[in-house]
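Working notes for the structure below.
Naming follows writing order (A, B, C and D), and every chain is counted from residue 1.
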Amino acid sequence: MGFVGAVMTHLAPGECTIELPYREELSQHHGYFHGGVIGMLADNAAGFAGYTLMPDAASVLTVEYKINLLAPAAGERMIAEGSVVRAGRNLVITRAEVFVARGDERIHCATMQQTLMTMHPA
Amino acid sequence: MGFVGAVMTHLAPGECTIELPYREELSQHHGYFHGGVIGMLADNAAGFAGYTLMPDAASVLTVEYKINLLAPAAGERMIAEGSVVRAGRNLVITRAEVFVARGDERIHCATMQQTLMTMHPA
Amino acid sequence: MGFVGAVMTHLAPGECTIELPYREELSQHHGYFHGGVIGMLADNAAGFAGYTLMPDAASVLTVEYKINLLAPAAGERMIAEGSVVRAGRNLVITRAEVFVARGDERIHCATMQQTLMTMHPA
Amino acid sequence: MGFVGAVMTHLAPGECTIELPYREELSQHHGYFHGGVIGMLADNAAGFAGYTLMPDAASVLTVEYKINLLAPAAGERMIAEGSVVRAGRNLVITRAEVFVARGDERIHCATMQQTLMTMHPA
């Protein structure tokens, strides 16, 4: 996560929020946050949300995710809120909602559904 | 694309390949390419593949994609091959297969299915 | 919808609930609702939820959906709750949560994310 | 599968084809195969394709799938071809392509990407 300057602003059982201030190198050609950055932030927020419910010593693996881009991500800051839909022993299903803050507005710019796998220690 | 050092190595009607040499700042904690980078490369390769079949003056928008991560992306170079499944007037459905090259091996590390929208000029 | 005996029990702007009583011919080999039935119910509930926000005379087309099966769908009745995430002029993004009722319990058995297209009349 | 009259016409390691003749009760309001039937057929073809690579005594569970509907499924017969993308010890990633046969034509009407889980015996 370090390379993009993202900051975890909330972490609780089954929940994680990650925020990312706008920087020019994160943008696509229109001056918005790049779609790939949105996907990465969503993947991370939901992945950490799931990880909070896994046993100590386990690690987390993203099996797959599906993301819909809802609106152009034009703003000063991106906020990805991850949450757990269902935590099983091996698989954890999560979701992330991604918003972009522009002045006083908060625009819903992506929604993601994800499958994580708990990697139990040997 | 510039910020990650990716290079387009193939472009033909309905097809696009993008390659990305490994760099430390693209990695996650295990020293592999980061999942977000894989998603971005797949999104771009499939997006450009679709764009080749759109009318001049149109632009392309990613509506959504779904990606399965198949194997750890550990290698010197990542290769994303995008191709068009079906090109309609407004929607173009695409796919991308992502590989990582490690010595003589080529490991299939992700598969993606994507929906693009053609933005016709006003 | 007629062939499976489903009933719409709620319809409001951006929302639709469809319920389906268990019948043996809807089951898979373990005596649960079949996965394909779950997908169909979710697709319909979310599709109608989206349709409520489309202009008169428009029709609705499912572009794609992604569904996670969360738990065995063993129960007397299946309930699919569709809702709209974002309604654009051409594309409407929706979600459905599917539950199965077993005695007093209500088990969350599937979650779906969907893209619809508004078909404007010619 | 019995309730819809589907027939398995091909089964080999990592591959499965299922065909379904048109019947009125499988149709939606336009007289085409219903979207839910397409999803179910795709889910089954890919699920059996994956199952062929699992150990004896294991059973198969659909974790999730994502399907794009590409064209109206109007025809006399639907054909779903499932294949394995990658078979791991616990997770098997598959794909299905769904076609509809109309006279001499074969129309590509859906493409699906799926995650299966191998349920190892206790």
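The working rule: a residue touches a chain if its C-beta (ideal position, glycine included) is under 8 Å from a C-beta of that chain, and two chains touch if they have at least 3 such contacts.
The UniProt protein names, listed by chain, are A, B, C, D = Medium/long-chain acyl-CoA thioesterase YigI.
Bear in mind the structure is a predicted one, so any value in this text is a computation, not a measurement.
Student: Select the chain at the greatest separation from chain A, using centres from the mean of Cα atoms.
Tutor: In terms of C-alpha centroids, the chain at the greatest distance from chain A is D.
Student: Please work out which of A-B and B-D is bridged by more C-beta pairs in contact, and write that pair.
Tutor: Between the chain pairs A-B and B-D, A-B carries more contacts.
Student: Chain A to chain B: how many Å between their CA centres?
Tutor: Measuring from centre to centre gives 20 Å for this pair.
Student: Report the inter-chain centroid distance for chain B and chain C in whole angstrom, where each centroid is the mean of the CA atoms.
Tutor: 31
Student: Where the centres are mean C-alpha positions, what is the separation of chain B from chain D, in Å?
Tutor: For chain B versus chain D, the centre distance works out to 26 Å.
Student: Can you list the residues of chain D that touch 2 or more other chains?
Tutor: 63-64, 66, 68, 115
Student: Touching residues of chain B toward chain D in the complex: what are they?
Tutor: Residues 66, 68, 70-71, 85-86, 93, 95, 108, 111, 113, 115.
Student: Quick one: which bits of chain C touch chain D in the complex? Just the residue numbers, please.
Tutor: Result: residues 3, 25-26, 34-37, 39-41, 43-44, 61-69 of chain C touch chain D.
Student: Would you pull the chain A residues touching chain D in the complex into a rising list?
Tutor: Touching chain D: residues 63-64, 66, 90-91, 115, 117 of chain A.
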